[in-house]
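Right after this note come the structures.
What follows is a pair of complexes built around subunit A, which joins subunit B in one and subunit C in the other.
Now for the complex of A and B:
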């Protein structure tokens, strides 16, 4: 089990370590990252050998007070996903090392990729819901960074943002669902939750929790109506698309459905909702895929569709359906990973991935095209490839379920087969002659080909010997995903003559006919997504709304800001004073004001009036200072030396500040030259009286005995200080002070940045 | 921005050390008498601003990053004193103090809260000086015509378009 912990943490440590180990553009980053991935693959393999038929878990306390433990689970389900992640990861990492251009920032790329792999392993191995959520969000963040890797492109930035917005919204919904489950069942440990699932079923929270968790799974796995982010995510470098957006991350949603199956299968809405969404996504996604001319776009929608297919199987919580879904998931990881890498190769060599510009491929890129065709035919479910085996199981399940699902499944399969034929046969015939650089394209060297070749070989092998290759893995994973289900799985290429075989035949034949019809269409208009338009409209509306609100009060006139701020203050104070009802007995100190105190007060008032009436700015500044120093004097006379000292310092600093910026201020306009503004006067007067009223009311509002005695008593024995004010600031209320100095620093840095930014813009001539 | 006031420039070198010494005193006795990191920080900042006023913005040009590092360093010290106890198994923000006896100086109290206060001190100095330096480092005072346009609405300071 320790090996699995290392597998989760090692890539994360390596992601940070790359920063110090290699140069930014060094290819060594790729070699190091590939090595780390291979080590992780080895660790997972070792764990699989030990725990595949003997599931176990281990728990490391993280924040035990909150019930947060880093619990790692080694069972069939987690090991299947971990093997897929590290296995495909090893190939993609080495592929990417050869794929990235010499000018790319390899170090940053592989750091992100390693971070992602760490997070993804954390998701599938975690046995604690909150920890799972943390890793889940970490995959969203690293996906954001990877989609936006070419951040100088606007489309990359938009795609990255869209993926983050959609998946993290779903992640938050999922968190709320997790919290419901955790509170009802009394723990966030998955094993505990599953054991006490009856508590959830008996509570009213079961439905909402299932719904919210499913929203998380649907956003991550790009199910309708959240499928919009996946096509935009194709702006990422192609190895990323192959790894995150085909083989692993988008399967996190499927993993969640399988992982939560034992718990959620007993909740009424779980299976119908997930299966319905899955089937709808499968049909709609394949229809959208058919209408693409961009190869990556086609693969993106095809991934959406295939994820829907698997979702419809995994949500059934039945051994037969779940094992079929897991087998197809493995198949999909292999053939889709290979397809993405091959499209990456095509783009690398031909500098386009537009079907209409590529021309017939086999003449120039025979190897690439052969591999691509095999992978595409596996996806279409053509025997004897791996996809055929799992597609058969899918059709068999949907046929047995009822007429409606059978028709939907067959329609989806026909559409799927059609776009797969477009890839396999269509690219061989070409849509017109190659354009531009595509004409000179040729097969690349083995460094770019062996990765896809390994994946395609595995996909073919899954057709001939599925039982030998993954039989026990799928069986063990199914046992983990379905409760108490005896399962004797036998995967085979040949299932005998049956209606399922007939349905497969219909799907392949129908797909071929649809493809030939479709391929003859002179032009294909790529679909735009309704949800995409809604998303853009929402973003634009949000920005417009925010700007409208901001513009409504950010007029640029200081006096308007002051009126606004003071008015809000006046309203709050009036509400507080009036709300108190003036009925509390006010306790005043029984002492009369002494003559010199009165004198100081009169002096402060006179200084305030002088500041308002001053003929020059300098006089106004000095009068303000006099006002502040008078108050400081008053404080010191009334027994608040710390306050007085602070007041003196603040006054001095503000006078110094005024003097420092004196020459930059606009010409001073004395108050007496301005027209009389009764509104301003009213606001000022109300504010003054409001503060006075507030002080009056607060004095009478004591609801508990004063805490001063406590501080006086504890100051020396507990904090070793005689200055209670300072002891409160640095010790008793230290957290408040830490918060205050943090806010202060942020404000100062913001002021500094604004001023410097203005200066630079002025220097650039942007501002006159 | 250079103000050639002979009296000011002559006095400042004498006043600034006194102010700094006073601020050091306020800081050190803050735990038991009026004073403390906040007030001492303000006093130090005032001393530095006096220097700035006497010798002009040339004396601080290029040192902005130093003042920003003061803020960051102060925050780091304050946060560290709060976090270190948790690593030792105490609650967040646990402070401790002790007495040592040093020859000549007598009984000296060492409190971990003083370290936190040092963080506050550095943050306050950094804040005040950063803002004032930023405001005074403009290359040229705006010409009268610009100022006229900016000041068209009385006290209004426009955000510059």
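Now for the complex of A and C:
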């Protein structure tokens, strides 16, 4: 089991280590990454030899307080996926080393690819739902980075964003489902959850949890209506498309369906929803694939369709259907991986992947075309290739299920066969003569061909000897995905004369007819996806909506901001004051105001009003000064001589400063400013008297005695000062005063730099 | 201890005129408004500490009861800080006028983008 932990963590460590080991454009990055992948493949093989028939798991505490453990499960299902990931990975990594141009940043590319492989292995090996989610999102992130690898192209950036938005939204839905399951069953450990699944069935959360988990699976595996991101993801370099968007990452959703099968098969909506979506996706995806002229676009929609086919099988919770689905999943990994790599080769050599521009291929690229034709025919389900075996099992299952599913399955198979013939035969006959550089294309060397060749050989082998090659693997994986499955799997090429064989015949013949009389005859126009338009509309709407909301309050006018902010405060204050009923819990012996104090209060009031209504700037400044001096007088009468002194000094300095600036300012324009604004006045009055009312209401609510006694008692003995306020400022709270001095210094520096900057501009003649 | 209604009314009036002026279009009136706002706030702080009969908080011979010194220390700090704020704002208004030849916030709206 330790080997599997190494297999998960080693690529991640290598991804980080590449940064220090090799140069940015060095091919050594590819060699190192391929070596790491091969090591992982070896580790997984060793684990498979040990655990295929003896499943086990191991748990490393991660955040045990939250029930999070890095639990690794080695059973048939996880090993099947791990073998697919590391096996196809080994081929894709070595292929990419030869494929990437000398100007590409190989180091970055392989770092992302290694990070993805770590994440993907984490997904399939994890036995803890939350850890599975973390790795799941990590695959979305690394996929984002890889699709956007050519980030200077806008289409790449948009495709990357679309994939991230769709898959991570689904991931979040899945997380919510996981949390429901975890709370109901009392643990996030998968084994524990499956053991206590009756708790989930008995709770009202079973249906919502199943729905949400399926949304996660459907977004990741590009099922209707979330299939829009996969075609856009084709902006990625072709090895990435082969690895992530054909062989592995898009299968994470299928993996999830298989992994959650033992738990979710007992929930009513699980099988109908997943199987229905799967079949619909299969038919619609193959119809869309048939109408593509871009080879990668065709393969993308074909992947969507094939994933739907497998989804419809894996969600059945039946040993027969699940084993058929898993076998087709392996087949698809092989032939689709090969097809993507071969299309990459074609683009590499011909500089186009447009069917209408390539012309007949066999004359110029015989080897490439042979491999491509075999892989495509395997996808079509033509005997004696691997695809035939699993396609037969698929048709057999759907025929037994009922007439409706049988018809849908056959229609989907006809469409599938048609686009496969378009690849195998259409590229041989060509749609017109080759255009431009495509005319001079030729077969590449073995460095680019051996990878696809290995995959195609395996795909052929799966047709002749499926039981010998993957029989026990599929059997063990099925046992892990279906509860109490009595299973005696026998995979074989020949099942005897049966209705299934007839259905296969119909599919292939129908596909050939459709290809000959429709695809080859009519001009193909790729349609825009409705979901794509919805997605773009949503993005544009989001941006516009956000701008409209922001613009509605970010006006750039000081008073509008302040009115908004103050209104909120005023509402809260008025509510508090009115809610209190003006009733104070404590009755105070208020000091009566003396006559001369009243006089000063009236004076201060008059000065404030004068400051607001003054016709000239000078009068306003003087009124503000008068208000300040009145306050100083009031302070001195209320037993605060220090405040009075400070106020007088500060007020004097302020007035002097105002007058100094006064000289430079433009005419006061009192007419405009005297215009009375009742709205502003209302906000101001509500605020001012709201605060006063609040103070009136809370005036008795002292909850603790004053700490003044402490200062009064300690002032002389500890600080040696008789003026208590002074002692507090320079001694007891000396640090506060230091802070105050700092604030003043910063203000002074800022003021100085403003004035100095102006002076320099004036010297430069920028301003008069 | 207790709150005197006339002083509370003065606080309300100072805050009202202060806010009204801060909402104005002319920069100088905004600065004057902030001055009135801080004056009102200081008086508010003093009165929430409780106004009572008593000598100034200076310990001399024969003084037995003094008023609470703590709010006074707070307010003293606040007065000085608000002076710093006023000085900086005045300098900024001066700078704005020197550059844009206007002290009207409506006229100044969006002008920063001009340069």
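Keep this in mind: the second predicted complex is superposed on the first by the 551 of 768 C-alpha atoms of A that agree within 3 Å, B and C clash if a C-alpha of one lies under 4 Å from a C-alpha of the other, contacts with A are read in each partner's own complex, and residues count from 1 in each chain.
FYI, a contact is a pair of C-beta atoms (placed from the backbone, for glycine too) under 8 Å apart; a residue touches a chain by one contact, two chains touch by 3 or more.
As the structure is a computational prediction, the values presented were derived from the model and not from experiment.
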- Is A:635 contacted by the first partner subunit B, the second partner subunit C, both or neither? second
- Message: According to the stated criteria, A:559 is in contact with first (subunit B), second (subunit C), both, or neither; which is it?
- Response: both
- Which of subunit B and subunit C A:695 touches, first, second, both or neither: second
- Does subunit B (first) or subunit C (second) touch A:738, or do both, or does neither? first
- Task: Please work out whether A:165 is in contact with subunit B alone, subunit C alone, both, or neither, and reply first, second, both or neither.
- Result: neither
- Across subunit A, the partner (subunit B or subunit C) reaching more residues is C
- Message: Between subunit B and subunit C, whom does A:685 touch in the aligned arrangement: first, second, both, or neither?
- Response: second
- Task: For A:611, decide between first (touching subunit B), second (touching subunit C), both and neither.
- Result: second
- Task: Would you check which partner chain A:758 touches, where first means subunit B only, second means subunit C only, and both and neither mean what they say?
- Result: both
- For A:722, is the partner it touches subunit B (first), subunit C (second), both, or none of the two (neither)? both
- Item | Contact residues common to both interfaces of subunit A (with subunit B and with subunit C) | 556-559, 641-642, 646, 650, 653, 657, 661, 664-666, 669, 722-723, 725, 729, 737, 744, 747-748, 751, 755, 758, 762, 767
- Item | Interfacial residue positions of subunit A with respect to subunit C in the complex | 556-559, 562-563, 566, 588-593, 597-598, 601, 604-605, 608-609, 611-612, 617, 620-621, 624, 627-628, 631, 634-635, 638-643, 646-647, 650, 653-654, 657-658, 661, 664-666, 668-669, 672-673, 677, 680-681, 683-685, 687-689, 691-693, 695-696, 699, 706-708, 711-712, 715-716, 722-725, 728-729, 733, 736-737, 740, 743-744, 747-748, 750-751, 754-755, 757-758, 761-762, 767
- Task: Would you pull the subunit C residues touching subunit A in the complex into a rising list?
- Result: 1-26, 28-32, 35-36, 39-40, 42-44, 46-48, 51-60, 66-70, 72-73, 75-77, 79-88, 90-95, 97-99, 101-106, 109-110
- Once bound in the complex, which stretches of subunit A touch subunit B? 556-559, 641-642, 645-646, 649-650, 652-653, 656-657, 659-661, 663-667, 669, 674, 719-723, 725-727, 729-731, 734-735, 737-738, 741-742, 744-745, 747-749, 751-752, 755-756, 758-759, 762-763, 767-768
- Touch list for subunit B against partner subunit A, complex: 1, 26, 30-39, 42-43, 45-46, 49-50, 52-53, 64, 68, 71-72, 74-75, 78-79, 82, 92-93, 95, 97, 109, 111, 113-114, 116-117, 119-120, 123-124, 126-128, 130-132, 134-139, 141-142, 144, 146-148, 150-151, 153-161
